[in-house]
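Next come two complexes, and both contain chain A; in the first it sits with chain B, in the second with chain C.
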Partner chain A sequence: MTDIQRSNWLHIGVVIALACSFFILPEYHSGNLARILVLAVYAMGYNLLFGYTGLLSLGHALFFAAGMYGLGLAMQFFDFNPIAAVIAGLILALVVSICVGFLALRTTGVAFMIVTLMFAQAGYLTILYFGEYTRGDEGFVIQQADRMVGMIDLTSPMGRFFTALLLFAICFFIIAYIVRSGFGLALVAIRENEERATMLGYDVMRLKLQAVVISGVMSGSAGAAYALLFGYAGATFATVQYSIFPLLWVLLGGAGVTIGPLIGTIFMFYLIDYSSAITPAYMLIAGLALVLLTLFAPQGLAGELRRRFLPWLP
Partner chain B sequence: MTDKKKGPKLVSRRNTLKGIGAGALLATTGMPKMMGYAQAQTSEPIKIGFQVHRTGIGAAYGRWYDRTTQAAVKRINDMGGINGRPVEIVAEDDGTDPKRGAEVVEKFASQHNCDIAFGTLFSHVVFGSAPRAGELKLPYFVVSEGHHVASGKLNRYTLQPGITDVKSQVQAMAPFVGDNLGKKVTMIYPDFAFGHDHRDFFSEAIERQGGQVVAKIAVPPAETSFTKYFPKIPRDTEVVYHVMVGPAVLTFVKELGEFFGPSRPEIFGFIDSLEAVDINSPGLEFLEGTYFWEGMPRYAQANQTSHDKLYREAVGVDENGASTSDPKDVSTFAHMFGCWETLNIVKKGMESAGYKGPEDRAKLIEAVEAMSDMPMSDDHPQGAKRFNGKTHQTFGSQYISKVTDGKLVVSHTTSIEDTLYEDEVDYTTQPF
Partner chain C sequence: MASVMILETKGLSKSFGGLQANTDIDFKLQEGLITALIGPNGAGKTTFVGMLCGRIPATSGQVFFNGENISALPAHQRIRLGIAYTFQITSIFPGLSVAGNVELSLRRAQKLKTKDIGAAVQKVLAQVNLSDRADQVAKDLSYGHQRILEIAMGLAQDPKLFILDEPTQGLSESEVEEFIALIKSLAGDTTILLIEHNMDVVMKSADHIAVLNFGELLAEGTPAEIRENKSVQSAYLGTSEDA
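Right, the complex of A and B next:
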């Protein structure tokens, strides 16, 4: 079996396993998994930019929030149906990511981090400024009755889970395809040595902008899905904390590994969930676990797996 | 070629063990979903999921909400529990975060098998959590004082029977401010939804009194220094109306005093600006003679009721509103009574609904919706309440206190009628 075949089976197998898990897991955990899948999409978008292109953004919450508010406001004020509202969310995330990418990519390294952080902060304050429409930090609810797609009730456990899985599968396969394509390999070349990629004739600026846009739209799709599936849009999701989360998920799961974001999101979710049941100082436990992982598995869980046992992991 | 006939394949011991193993796995993992929630035995405790702000911006409130809740549950259990069953609190920290809040509600419903969820304060957490509570059909009793419930933005499973909302509070303040302090008001408020509610509701209410808001000064969230905002206060201001929340409230009030110096206009504030803060902290001397809204008077008053006394003793709060074990640990007294009163309402609701388990959740909500007047009592030490079953919101008296000799002394108590406004929703028309 070639590495490509192995990779294909891995991605298909993961999606099938996730689908089966809905029927096996208790309700609480299958509900968690629906949320994890949406957040993993966010992390996958982040991973494309950070893990494969080597651009560390501290402002991805802006893209997540763009998708969330694009959908939420379209439903709230223009009575869009869920499908049209998702498209509105994606379009807003697309526009925002083009603008941010165009300006932020004029910088590199630490400056890129700061510029993206500032853009996200500006986005957060914009949401607060237009509080009359966005309801600011308080946010707004997307009513249960509005979250139907045809006969599919997105508020039912099954409807929510399989919608989340569908989005996850689409993004998972897109990422798997991209990282094996010439485009993906060029991104890795930029990550490894940007000057060399330029010398080889790649239009580095264009490639990086494309990576920002794909990453931003994917993150926006997660934001739109979160609002649609869980019925809430709020400015909290545009705060810097929500820009740090995907970085943590990707670092824990494995940067530059397609399955890393899913593993990292699951790990982080349950680390907080279980440690909060043990002690109110659960963030201390979470922090300790993160330090230990960084020390002993610096490439993340999937990255370590690839280094030790599965070198073919894409 | 040989033609080998295969005999009947016997089930091997290995396969049998595999089958048993798979069956056991299915039973332990899949069965919960198939069977659903087993009906509670009558001797089992009633589980109340307590969504508590242990960390994040609401931590100071969360600490005191927790203490009040534990005290209320102890009292209920000492009196025989609810329908003869003990009450158990299942507390989960929501980090004052709407995403985690929703996850906690899910955990209450499908992991801990709680009968209800309860206790949320910050509005954004309520907004993030309420949709999931409605979908999971988990009664969700919030103690938030936000207008979100009565505004009709939530659902039939979300109720606020133990604390009044900001719209009614602000509306009831305007006549006192207009008649006693001045007609030209400058408002200073946090630039997010809670502050905007104050801005909008008070502006309308003071205009009805013949007054006007001459300046609206919004302070961005996470601001740590406020001096640059105070010069925006117009010179003809007669009353400064302030409300602030978050970790920088003490700095805000101190800097307000430094700005005005010895000559200041009348000052009227919401105690939110000083919740969990000692009013005798250095730099707050200028507050002497100013007025505050209080949901419940922090300092035991000269005419203290027996209900107030019992409540303070049970929670562990002294006559100055601080912890009996640490006088520097000032409580969030103006808000936390909501936990106490909400739990007593839940008890009454469950008893009148004959609540046995989650299958009776709809009956519980109907029983609470049927409630109306609740006289001041040990169950309602803050004062009498009038619950509106249609809007799922309670109404009650508000207190205006004047800082006198370093203490908050009640100088005016509004009537319940002062706080009423027209219904904006009828949740009882929504199906369960």
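Right, the complex of A and C next:
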């Protein structure tokens, strides 16, 4: 089997395993998994920029929130149906990521981190400022009755899970395709040595902008799906905390590995879930686990897997 | 013999703050030859070629490539016209395999079908005797092999003009000999501009020599002419008639 075939089977296999898990897992866990899958899409978007292109953004919550509010406000005030509202969310995320990319990419390194952080903060404050429509921190609920796509009830466990899985699978395959394409290799070249990439004739600026936009729209699709499937949009999702989350998920799961974001999101979700069952000081346990993992698996779980056993992992 | 100029500069100058690194350089590069650019440390050689390929913005002056004024083009667009550049300080993709490094160069420079890329990569690696290291991670290579890899990336671009900044630094004696044979085999189709401190390499390979000193073009000529040139000798001995 060639590496490409292996990689294809891996991606297909993961999606099939996830689909089967719905029928095997207790309802509590399959409910969690629906949420994890949506968040993993956010992390995959982040991974394209951070793990493959080497750009560390601290402002991705802005893209997540753009998708979330694009969808939420369109449904709330313009009575969009869910599909049209998802498209509205994607368009808003697209516009925001083009603007942010265009401006923030004039900087590099730490300055890029700060500029993206500031943009996200500005986005958060904008949501608060228009509290009359967005309901600020309190947020607003998207009515159960509106969350129907044809005959599919997105509020039912099954409808919710398989919609989340559909989005996940689409993004997962897109990422798998991108990282193997010439475009994906060029992004890795930028991560490895930007100056060399330029001196081979790559238009680094343009490639980076494309990476920001794809990453931003994917993150936005997660935001839109989150609002739609869980029926709520709120400014919390635009806070710094939500910009840090995908970074953590990707670091833990494995930056620059296609399955890294999924693994990282599952791991962190259950780490917090179980440790909060043991003690109210759950962040202490979670924090300790994170420190240990960074010490002993600095490339993340999937990164470690690739280093030790599966060098072909894309 | 009617000689064609592949590259020409007019009044090319660079100052870093108060430091004048290149002053008013008018230079012509003849197509198909190996031209060596020599000069003492700090003479401005790296700065000069950096302005040719767009890596360093010129303070003033113009660069023409195949008769076209490319002064306003950013680096990646100049490279796409058929210029390859190897850095004085090795610059490769450290985390990728040797083959991956060459592949990135090939993919950008040549329109190849995905199925043909592997063979094309192997062909380039064979040219520089790196075939048996194709799967090694580039950062694990010895210093000399990393420099050879960078040369291989330049070869993969199949450039019209190949600019090499002290390529033989850190190579073993036998590797230097292989390098000389390699660039001689390229000359004709490819124009080579070679910055080199190793006079043995210069004398063995160059058809033409240009000497840079204190940011100015001091002399030009055949290897024999340059060897006889009094001001070149004094520049290299670090003395100057009017000091």
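In the analysis below, the second predicted complex is superposed on the first by the 314 of 314 C-alpha atoms of A that agree within 3 Å, B and C clash if a C-alpha of one lies under 4 Å from a C-alpha of the other, contacts with A are read in each partner's own complex, and residues count from 1 in each chain.
One rule holds in what follows: a contact is a pair of C-beta atoms (placed from the backbone, for glycine too) under 8 Å apart; a residue touches a chain by one contact, two chains touch by 3 or more.
Computed from a predicted model, the values in this text were never measured in an experiment.
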item: Fit-or-clash call for chain B and chain C when the two complexes are aligned on chain A; value: fit
item: Which superposed partner A:Pro26 touches (first chain B, second chain C, both, neither); value: first
item: Touching partner for A:Met118 - first (chain B), second (chain C), both, neither; value: neither
item: First, second, both or neither for A:Pro280, with chain B first and chain C second; value: first
item: Partner chain in contact with A:Val141 - chain B first, chain C second, else both or neither; value: first
item: Which superposed partner A:Val188 touches (first chain B, second chain C, both, neither); value: second
item: Which superposed partner A:Arg196 touches (first chain B, second chain C, both, neither); value: second
item: Gap in Å between nearest CA atoms once chain C and chain B share a frame through chain A; value: 38
item: Common interface residues of chain A - those touching chain B in one complex and chain C in the other; value: none
item: Chain A to chain B touching residues, read off their complex; value: 23-28, 30-32, 35, 125, 128-129, 131-132, 135-144, 155, 230-232, 234-237, 272-273, 276-277, 280, 282-283
item: Of all residues in chain C, those that touch chain A in their complex; value: 53, 55, 75-77, 79-80, 85, 87, 91-96, 100, 103-105, 107-109, 153, 157
item: Sites on chain B touched by chain A in the complex; value: 26, 29-30, 32-33, 54-55, 92-93, 97-100, 102-103, 106-107, 110-111, 123-124, 127-128, 130-132, 134-135, 146, 148, 153-155, 191-194, 196, 220-221
item: Complex contacts: residues of chain A adjacent to chain C; value: 182, 185-186, 188-189, 192-193, 195-204
